[in-house]
Amino acid sequence: MSIDQRLSQLSIELPPPVQPLGSYCTAVQVGGLLFLSGHVPVRDGKMEYVGQLGREVTVEQGQAAARFTALNCLATIRAALGFLDRVRRIVRLTGYVNSAAGFNQQAAVLNGASDLLGAVFGESGVHVRTAVGAAELPGDATIELELTVNG
Amino acid sequence: MSIDQRLSQLSIELPPPVQPLGSYCTAVQVGGLLFLSGHVPVRDGKMEYVGQLGREVTVEQGQAAARFTALNCLATIRAALGFLDRVRRIVRLTGYVNSAAGFNQQAAVLNGASDLLGAVFGESGVHVRTAVGAAELPGDATIELELTVNG
Amino acid sequence: MSIDQRLSQLSIELPPPVQPLGSYCTAVQVGGLLFLSGHVPVRDGKMEYVGQLGREVTVEQGQAAARFTALNCLATIRAALGFLDRVRRIVRLTGYVNSAAGFNQQAAVLNGASDLLGAVFGESGVHVRTAVGAAELPGDATIELELTVNG
């Protein structure tokens, strides 16, 4: 089964790839590594998940924001590689979680992205991960995800 | 001298490798690069160093936390590569230091990890480093270390 | 035109390369990737831009700090590769912006670095980017930049 078929099976339709918010690009390939910019939960230019975990955003909402942002990453990967089937391995995910003082469940929040990557790519989707609590994020985004892919 | 002999000489016994806290893994190798997940100062499922520098944690305790966490990283590297002698170079260390407002000695804290890597690997242990003050970290960990290794 | 000629044309003179603040080094090359340490806006051992965006530092000052720090990165790259013309691509920029509560214009601040890289390297200077709001940074630096280069 192709990855696009897997996405259909999971009832996932990828959004159009996001545009950069400044003088940079969203993906650069060097050798076998595809580096992605930090992605936020934006769609059609509108930030869909804003605010901090531990204040106005619940863990469940944070997980939804993580999944939503991971879909933006997949759209960027598809645009960069041509086909998602060219992904050999999701290598690395760094997740910055917009965190109020005392919030320490960044790992639970990021599972919203990691679980999606596992569902879409199977064993090739299992990655290393760093979960960090950020003081603030661009546009008050609830989450920012940075992916490195082997493809 | 093998790295294991060096560890003995330094009276260091590595802990068992940590298990991931979510749907990810602790090490992925692509080409000559071994990427590690963010590691925290956990042992047997218990977070051994919690809290923020500049509040309840001193610089000396932070350095001990950094060294302790670096040992967790070494255990993961050994499990991934089979032998620590397969490390050609410790390439990169990103250290997130759980920091209260006004704490700016992240570099001093991370020397606890960098000094250990130098003692164990000699010139091959000298790496690039990024020290960041994090607002919060998973499980209220005092520190989180992310390593990239050439091996 | 060589990159050094381009710098002259832009009236840019690179500073001497910075020295590490601890037991690490400022650049490590593995295969085609040159990894740099996190760089801060220091010159001759003095931090030139301190404090937080959204408190005592304006966006314009933050952009100047980003540009200033990017020049430090270029000096490190030149020292590591011998010539800036050996840069095939600026691959990746992670920018940690020292951010007070409620400051969300990290992307605008980082354009100070990204625009410079584009001006110096043209299309080879267009990189992926992650903008993060840091709670605190070493030495109260206003910004910290981490670059990865293909060279």
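To keep things simple, chains are lettered A, B and C as they appear, and every chain counts its residues starting from 1.
Note that a contact is a pair of C-beta atoms (placed from the backbone, for glycine too) under 8 Å apart; a residue touches a chain by one contact, two chains touch by 3 or more.
If you're wondering where the values come from, they're calculated on a predicted model, not measured in any experiment.
Here chain A and chain C face each other with different sets of residues for the most part; under half of the interface numbers are shared between them. Relative orientation of chain B and chain C, expressed as the C-alpha superposition rotation angle, is 120° to the nearest 5. Between the CA-based centres of chain A and chain C the separation comes to 25 Å, rounded to the whole angstrom.
Shown for chain B are the residues in touch with two or more other chains, namely 31, 94, 132, 134-135.
Taken together, the chain C residues at the contact with chain A in this complex read 31-33, 54, 89, 91-94, 99-108, 110-111, 114-115, 118, 126-135, 148, 150. Of all residues in chain B, only 20-28, 30-31, 35-38, 94, 96, 132, 134-140, 144, 146 touch chain A in the complex they form.
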